[in-house]
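What follows is a set of structures to go through.
Same chain, two partners: subunit A is paired with subunit B first, then with subunit C.
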Partner chain A sequence: MTTPTDEKTTSFSGHQLEETTRRPRRIWGRPGLVTAYAQDMAFFDTRAKLVAVCALVAIAALMPLQLEDDILKLLATGFVLAIGAIGLNLVTGYAGQVSLGHAFFVGVGAVTAAVLNGDPDGRRLGYGITFLPAWMLGAGLVAAVCGAIVAPLATRLRGLYLAIVTLGLVFIGQYIFAEWREGTGGRGVGRDAAVPTLGDVDLTVNGAYTEEQKLYWLMLVILVIFAVLARNLVRSKVGRAFAAVRDRDIAAGVMGVQLGRYKLLAFTISSFYAGVCGSLLYAADGHFSPDEFNLGMSVLFIAMILIGGAGTISGSIMGAMLLALLPRIASELPGFFPFISDRSTEHPNIFEVETALYGVLIIAFLLFEPRGLYGIWHRIRTYWKSFPFSY
Partner chain B sequence: MTAFLEAVGEGLGTGSVYALLALGFVIIYKAMQVISFAQPAFMLAGIVLVSYLAESVNFWAAVPIAVAAVALLALAVERVAIRPMVGKAVFVIAIITLGVDVVVRVVAGAFIGVDPRSVGDPWGQEVVNVAGIDMAQRNVAALIAMVVVGGLLFAFFRFTPIGLAMRASALDQEAAMAQGVNVGTVFATSWALAGGLAAVAGVFAATGGPIDQNIWIVALAALPVIILGGLDSLGGAVLAGLLIGVVQAVVATYQRDWVPSLETNAGPIVPYLVMMLVLLVRPYGLFGTKEVERV
Partner chain C sequence: MTDIDTAEPLLVFDDVNLSFGSVKAVNGVSFAVQPKELFAIIGPNGAGKTSVFNVLSGVYRPQRGSVTLDGRQLVGMRPPKIAKLGMARTFQNIELFSNLTVLDNLMLGRHQHISYGALAAFAWVGPARRQEHRHRAVVEDIVDFLQLEQWRKMPVGLLPYGVQKRVELGRALAMEPKLLLLDEPVAGMNLEETEDMARFILDIRDELHIPMIMVEHDMGLVMDLADRILVVDFGTPIATGTPQEIQSNPDVIRAYLGGDHQTEAATDGPALTKEAAG
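Our next item is the complex of A and B:
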């Protein structure tokens, strides 16, 4: 076994050949010692993380056998929202470009999927493509193209200017959706969403397993795939460029990061994720209306990544899950606080409390834990890692 | 021609509302380089307060009370949620104001209820004939109010000590502090002013009919206005507000003739389209100061 000093020399002296031919090894008994960049950036940098994530995924996969269908539906929606949140986190959390226009791209995805999947003989435009990956990725690609079209405007602008322009995008998008009745069904009416089918099995029809169970598994699998892709992206060259642009774009430009190119890339990938999210978001309800892609939805996604943790993939998922479960949490509140009503005609009712709650959560997290749920987890982990010496 | 001038008159009314809102945004921006997304909520709070107060006292007494109350609310928000974040990234503060907006708006919106309410303004749908053109009285009132408030603001910044302090700290916060300016007071004043302005704007946005739950959307149209006028220009805010109001009204009037195939009124998205076009040519708006980036 080589001594730690040797390891260090090889990893920092820039011998590319040596690094690629010999995998950096962990030193037995010293799990905290990182001796190579590749080790530091590994997908699972510690064994504990590997085990924990595998266990978590396994538990998540087995949950449908235990939980009630209504909770499963919420969780499945949470998984889909998490895909969208990861997308927003890529552009806002990693690349630092504040986007209030995420709802627009989600809308583009939902509409595209519905058009691709729709009944060719129906009242609305439809091409009858039933193959799930085809319409899902198609929705993502169309949204990505929209993102790429908007990006040049975004690369000229910074910070709050960008936020306002993307805000405008939501309003313009809503107008287009409302106007294009053939594709979207029009304001207040809407149309049927894309129906997820695998082979000959319609996932929205109860069979050996219920609709909720099947959708839950589908969304879980898709979320895991997209989360892994995003995680791999952010630990690559592209991810480092994003972080450099976020931290100081002028400095990044001086160091040779092509600003325009990476901002374009960030917007395109983010929009792709939003499109995929939109294509699946209404699978459980089977119907959507173009009014839903409003500023409120954009703020919801912003809330997800801020509450979960900006600039982390796991945080995006945690934030999305929390906000997806928030309606359920709010609906339990009347049991504890009798002054909250569960009827929408009385005030304060659970719907108002739910909306106010996420506003309060945004403020509270930014004031007290800017790193979000991920930050809380990080704190707990650090406490136990350094246990008797934690202060 | 009459139709066009009537559209312009209508646009000046809407534009005055935009200008009042935009002044609030610009005042906050000049004080702390932050865009406050809480303005729509303050506007809605002002409307709701006036609608309740107008039932017990008359409209003319209700407006000043509501404006003062919303200014106090804005003051409280600034103290609780914004002041602790001074010095953090502007994006973070902007998002906090977004959170404030959601909370205040939900609470204020809950008071609108299901029965139609109105702000109890004396103008309603009455029109007045100005040089052969019919103008809605409420639009004339909005324009007059905007000119008066704008004049008062100008006098405030020009002649009062706190106004001078605000201009000084807008130029350079640290230098102003070194000269004994209490920057905290400046922040608080700017928020109170912006809150009050939003309430005034709200009253005029809500005249002439029952209050709509979604009326706060109007306040967001002031965002393209400030981008167009330049984020740090008070005069630019007024001009751009009127300009966008007029363009919006003209588009709404002639849309049917120009593009008959569009069925939805394109008026509400006009501000955003104008903004995007202007930003392509002038990234800092018509009167804004070019941002100098220190590396």
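Our next item is the complex of A and C:
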């Protein structure tokens, strides 16, 4: 059997093929001119993008030298949450499969990492693997397997029904985590989280740099790696197929996209990201309890991608950072609004304001900027691109 | 025309029955499409034309009958498998991926020709990178062919209707099909857009030599372009033949204009063209 590619009956053979392999030509006085497809399809397709992202990463890398440790800890947690948010955005924002079960996969990741990393002679189950990439990727893989098992549900259900079924996953997960005391420590008790070490250096012990600084850098590096990988994925064949499944599933099938396969892939990859997120999420605290992987956490991730921007990688990061910093933002409010108290016995206090702010943010973004923080950024960018013309 | 009549048919649609409950959407329809042929299916609203397309592309599974493309049985296959065998289609109501750009929509047409896996996609090195660039070049040929240059990077949801129809045609062409199904390619278009589309359809036949099945209500277009026409009414085939034969067929005229016009209209073939086109 010959595949359609072998056929020479059509004239679409890419006669401009040599241009694709050609190196981009520099033409004097035309710095923005695109002369090869490689250039047009590059990760950073414009110089401005390259410069801006490099500057942003550089600033982020230098921040620990300036900021206080408590903010660094929040930011590091934000980076880890961003990995989980990217995962949820892949399955929900890109592939259009609404999942309320993200907390379950985060939980699987956290427990797996703790078990792999745990002290073999300790009270809880542990295998004593100290090599960080091993237990981090191991946690991701176990979560990915769980995702792959759940994925067939998505080929049968869609929309709200899928959301409800994945919601069930959270409750099943809570039960398993609570009952499996050897692995998780049980409800209300918990166990020590995986301890990040690089070589002989324990990152959770203060040395030349503080614990928070070291964890911040670690999480930043891991986030950048996972964000770049995700960005590559979504601009590839796989990312296009995800979007096709989301936008028009029947047409996607007729175009040759195997729906079941790509839904499976979306859930698997999403769960992998969630697992990695879970494995690192409690590194700073050093302890976690199985009660934390509840519906509230799933909703938190949904809120991150709604506020950040569904179907965008940068939006996932922005949304995660905003929600990670929300408690801190709320605690700064009494300085600006004296009627807000920082004591929980008085009303209104910062804790109430934080909860209210969380809800208001979700509602406000859905109503006024459904494309999220990414949409706001996009609008600013377009405004300056066409400045001084407003259209 | 002579080589069309004698050649081995590319597609054989044999005695297909498709019903939803007691509604017979397709009732014993048979036809064969020759290589290089532009075959048209016409019929009043609800005649089952789109159902025929849905059977062809695997969206519906008929209760009885067989459909073979190049000798391969298609009944029971899933749409992606049929797409891989070389069947591409456009839809009556545009089914583009409206959040994606024109380029991405066309690249989705290339989906089955791109072979790298998910792991390569993550890394975007080696085969993934090379294949993306190569298929981009192919897609740019189609952009050229359909004159879509100025809309390349626009999300298709923002494009005018006529252009969206053209993008959908491009997406089907990107699949490098053996057989192209066009479901009402000029529905809702103004005269200028219709003429553009007719030009593109002729170009596809003359330059790319892709056989086509077209469902269309614009009788002027059908009579001008089609090599052969199948007329269906209430799921039942009425007649098959060249445009001249169809225009003068009394059964066809009865289906379109009602029983009373049988005798007068039968002698007045071109009248059908005007009446039905309006």
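The criterion applied here is as follows: the second predicted complex is superposed on the first by the 341 of 391 C-alpha atoms of A that agree within 3 Å, B and C clash if a C-alpha of one lies under 4 Å from a C-alpha of the other, contacts with A are read in each partner's own complex, and residues count from 1 in each chain.
Please note the rule applied: a contact is a pair of C-beta atoms (placed from the backbone, for glycine too) under 8 Å apart; a residue touches a chain by one contact, two chains touch by 3 or more.
What you see is a predicted model; the values in this text were computed from it and never measured.
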| item | value |
| --- | --- |
| Subunit B versus subunit C as contact partner of A:I250, first or second or both or neither | both |
| Partner chain in contact with A:Q66 - subunit B first, subunit C second, else both or neither | neither |
| First, second, both or neither for A:T355, with subunit B first and subunit C second | first |
| Which superposed partner A:I363 touches (first subunit B, second subunit C, both, neither) | first |
| Touching partner for A:A38 - first (subunit B), second (subunit C), both, neither | second |
| Touching both subunit B and subunit C, residues of subunit A | 248, 250-251, 254 |
| Touching residues on subunit C, where the partner in the complex is subunit A | 57-59, 78-80, 83-84, 86, 89, 91, 95-100, 104, 107-109, 111-114, 116, 118, 121-124, 128, 132-138, 140-142, 145, 171, 173-178, 207-210 |
| Subunit B residues within the subunit A interface of the complex | 34-35, 81, 84-85, 90-92, 94-96, 98-103, 106-107, 109-111, 113-114, 220, 223-224, 227, 231, 262-264, 266, 268-269, 271-273, 275-276, 279-280, 283, 293, 295 |
| Residues on subunit A engaged by subunit C in the complex (per definition of touch) | 4-5, 7, 9-17, 19-21, 37-38, 40-41, 43, 229, 232-233, 235-241, 243-244, 247-248, 250-259, 265, 269, 311 |
| Subunit A to subunit B touching residues, read off their complex | 98, 153, 156-157, 159-161, 163-165, 167-169, 171-172, 175, 178-179, 187, 248, 250-251, 254, 295, 299, 302-303, 306, 345, 347-348, 352, 355-356, 358-363, 366-367, 370 |
